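Across the two complexes that follow, chain A remains constant while its partner is chain B and subsequently chain C.
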Partner chain A sequence: MSLKKLLWFDLRRGLFQKPLFFIIPTLIALISCFDLYRRVLFVNPNETLGIKISAGFADFLTYLYGGTTTYDPYSGNPFARWMLVLLSVCFLTLHYPNQDVQTYGQQLLIRTQSRLAWWLSKCIWNIAGVLLYHGLLILSAALFCLLVQADFTGGPQKELLYHLFQVVPEQRMPAAAPWNCCFIVLPILVSLALNLLQMTFALFVKPILSFLILSASMVSSACFASPCLVGNYAMILRLDTVTVDGVSIKAGVILSLLLLLWAVIVGCVRFARCDILNQD
Partner chain B sequence: MLCNTMKLELKKAICNPYFYLTLLIGLAITFFSLVPSLQSYDQDLRSHQQFAAEFGPRNPLMQMETLFNHWIGGESFTPGSGNYFFLFPLLATIPYGWSYCSESKSGYVKSMVIRAGKMPYYLAKYAALFVSGGLAVVTPLLFNFLLTAMFIPAVRPDPSYLTAYGIGPASFLSMLFYAHPFLYVFAYLLIDFLFCGLIACLCFTASILVKNRVVVVLLPFFLLLGVHYLCYSLLYTDPMVIYRQCSPMAFLNPVPTSYDTTWPIVLAWGIGLFLLTFASIVLRGRCHELKKTAVV
Partner chain C sequence: MMTIEVKNVSKTIRRQPVIQHASLSMQSGRIYGLQGINGSGKTMLMRLISGLIVPTDGWILINGKLLGKDLAFPERMGLFLENPAFLDRYSGFHNLKMLSSIQNRIGDSQIRSALDQVGLDPFDHKHYRKFSLGMKQRLGIAAAIMEAPDLILLDEPTNSLDTDGIALVKKILAAERARGALILISCHDFSILQEMSDEIFVLESGQIQKHLHAPDFM
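Right, the complex of A and B next:
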């Protein structure tokens, strides 16, 4: 049994046959878009920004991946949305590898005669799952924009988003390079790294504890705007081009890729040696 | 028989590595939240002393610094507090939420039901889940409260400084906070215990629907996070309106974070969760045929 066959099996069994992979991102994106749409309606009559505005596709995406500038329990919405966007995908990819290795995966391992192939297949499955999840988030946002006839061409509107995320003027970055949708690439990259890390941690501790570690690191990232905590790079509002004292995009890309590689290699070494028969 | 089964289940729920580990994580979070809290207390105390030295001892503002706004449930500025009141559904479900799922998979349920009877077994399971969930969350809170009390005096809160405590006149149990602060803390610990117990019992309901124990343990957390997200996205939309807090993830924190909650909301959630979880126990105990499950 080749890696290709194994991967196809994983994609079919662990992705396409899991309706939650399709339902959850669609729901999250639609609710978030509806939320922004209504908030913009509230902004307009007050003429807070001086001009009549409407949110475009780029605004909906930035709203989804925005995160929070500083952790403020009084502004529950951005924090809850960001956590839900990133933790839902961790939840969706958490149990399949474990379930696989305890049941029919053992038969597959015997047939492939390669633990490396099994692990690589799971890594590719994980990456595909995360990309599908974020792809669906973006697709649902696009669908919502089509429904409300929002603009697809422009970039994110700085003033509107600063206002909605309640960024204080001292924290706002003076007008430099315009924002663009490339910002959302970094949160997706971080999400990929986090999911692979979670899968690797699950080889050392139980999957639930692996999820707990990851959740705690995400909450800590929201609390501390530190470049050492990877969750900071998954928040558009924490990037150095968006807010003062933000984290570097370059550092985020490098750190995410390093974590991704580390997770794949360490997981590979660990899985090659671990006892899969006595796993609970 | 019920008594014996209950004892056995409680022992299994409390004397298992998951319970110890969760307790340890909870204690670590609450312990580390003490450090920034003490730093903030020390800093505030110095500034009050400077103020008193400059303007005379007219108003030393000492009542602003009290145990009741520096323990983990009285402040919301430390990462420990943020972490704890965000992760508490997980801390409630990890200790024993997986048990029914595992036991029905391994066949242990059948063996127990034959020996103890269906209803006693399910009732004992419910009690064990409830106690383990409540204890896993409330013990670290109590530990933090006692630890903070070793450093910060329990000065009675003065309503003149209500901005320093974050508990306004419309807040839930605010009368109790200003009149009998210890009773307020005790009442909140009791509410947290009851709710976390019920959240842990949600795992049993989830076990009926889902057979994967990872999903079973994480489902209550995502359910509460989903409710929290829906509340903030669909209900609290107008910035000019003061809403009532409907999300348990927010109102189980003794210090209100954005909106105040009310008794009817807390009671509605409590009764709703109890009915949902207890109904599943009763239905399982009366209507479920174990033999059928085995064949399926």
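Right, the complex of A and C next:
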């Protein structure tokens, strides 16, 4: 019962009353979609692509969650956009748990009589926040597609993969799997794991340091296409169904779920014995 | 009837000892004072007893139950720590109503009565962010007493209060003691503690240096 009440407080105060949770994903999606639309349709299509082409919903999502096949510091655009998409939500969920437990949430905590309930409530809040963020990102992209009458049925187009992400034919899987939900579910699952990891790290170090650790891991993932670095699974262009030598979707799902579970359990054990002090 | 036993408790934070070998016992129906200069460990001892921080050594028993093992926080506790924080966009009443909804022990009339007791208008719709320092302090005290807790911990409750406010706090604490609550109050002003407390623990560098009983310090 106390978990249900705590969760309601967390969702209300830590999510619904935080306008940035709604504004940031909408802005990122709309700006990125407009950027792609502009690049495809208005920047001299015959010279750039050689053929008349228009971006579909899958292309817009790949533009957001694609990342890069190989890291090139001089073509920073796709890398920066992917980092922005994944790290913005980390930043949005960064401060609330810590601020809550040092202020009003402290009064709620002593009344619930349970540190476990507090931690579980924060985990569910975190998951809800990440899902809301990505949901709005996708919804905004879908609305943009509706507005420009883009195609919703097809997968990412080869010509766009080549011209926008420099995915050369040799890198592309010869019989690329049809566009399916795994392409988008996996980056979201990775995002969930990363956010919960960040919240758990924040029980050991300062929240901002926890964010920096996450950021460093994302940069490493972009630089090294290694299956051990979880960020690789959050890039559609590095999945084995899209590119040759890509990372396995199955491994990504397992690794993300393991990290997610680890974060929840370690955080639970840590919070049961950690000191609740004021920032000063 | 509530009893608290603090047995040889020490706390070290970032290699700095903040409480050293503190032992004390308390029982309901009495007011205990913690006196000491800034940094003497009053707030840390309060936090230890409230269950917010965990002792490095020693143990704390609340009604014979080990704090941190048998229970996470003392049951039926009202806590007021320095600089209380409430929700900016809500009135005093709504802030307290949300807190009380967790345990659901009291209704609107008790909340309004607690606000009235501390000298705040129970029907005032003013948002918390527009409260003065003294009003914020009063709301924090109301939150600590509204559910008629068995244990009341008040850390510097008279800060930012005018003389009327201080008199009000004294009156409230006397009423709570008469009701049978165990009250632990910290204050750097010895004269205020003298007037209110039955026993006073004097802290210095995280150690309890003196334990004074009412006739000794009057």
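The rule is short, and it goes like this: the second predicted complex is superposed on the first by the 262 of 280 C-alpha atoms of A that agree within 3 Å, B and C clash if a C-alpha of one lies under 4 Å from a C-alpha of the other, contacts with A are read in each partner's own complex, and residues count from 1 in each chain.
Rule of thumb we're sticking to: contacts are C-beta pairs under 8 Å (C-beta built on N, C-alpha and C of every residue); 3 or more make two chains touch, one makes a residue touch a chain.
Keep in mind the model is a prediction, meaning the values are calculated, not measured.
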If chain A is used to align the two complexes, do chain B and chain C fit next to each other or clash? fit
Is A:103 contacted by the first partner chain B, the second partner chain C, both or neither? second
With the two complexes superposed on chain A, say which partner A:232 touches: chain B (first), chain C (second), both, or neither. neither
Once aligned on A, the angle formed at the Cα centre of chain A by those of chain B and chain C, in degrees rounded to the nearest 10, is 80
I'd like to know which partner A:112 touches here: chain B for first, chain C for second, both or neither. second
For A:256 in the superposed arrangement: first (chain B), second (chain C), both or neither? neither
Between chain B and chain C, more extensive residue contact with chain A: B
Identify the partner contact of A:121: answer first if only chain B is touched, second if only chain C is, both if each is, neither if none is. neither
Taking the superposition on A as described, I'd like to know which of chain B and chain C A:87 touches: first, second, both or neither. first
With both complexes overlaid on chain A, does A:276 touch chain B (first), chain C (second), both or neither? second
Taking the superposition as given, tell me the minimum C-alpha spacing from chain B to chain C, whole angstrom. 5
Spell out the part of chain A that touches chain C in their complex, as residue ranges. 2, 5-6, 9, 13, 17, 102-104, 106-115, 272-278
Under the touch definition given earlier, write down the residues of chain B that touch chain A in their complex. 21, 25, 29, 76, 79, 81-83, 85-87, 90, 94, 98, 212, 214-215, 217-218, 222, 225-226, 228-234, 236-239, 247, 250, 253, 257-258
So, in the complex, the side of chain A touching chain B is made of residues 28, 31-32, 34-35, 38-39, 42, 71, 73-77, 80-81, 83-84, 87-88, 91, 94-95, 98-99, 207-209, 211-212, 215-216, 219-220, 222-224
Which residues of chain C touch chain A in their complex? 13, 47, 50-54, 68, 71-73, 75, 77, 79, 81, 83, 85-87, 89, 95, 98-99, 101-103, 143
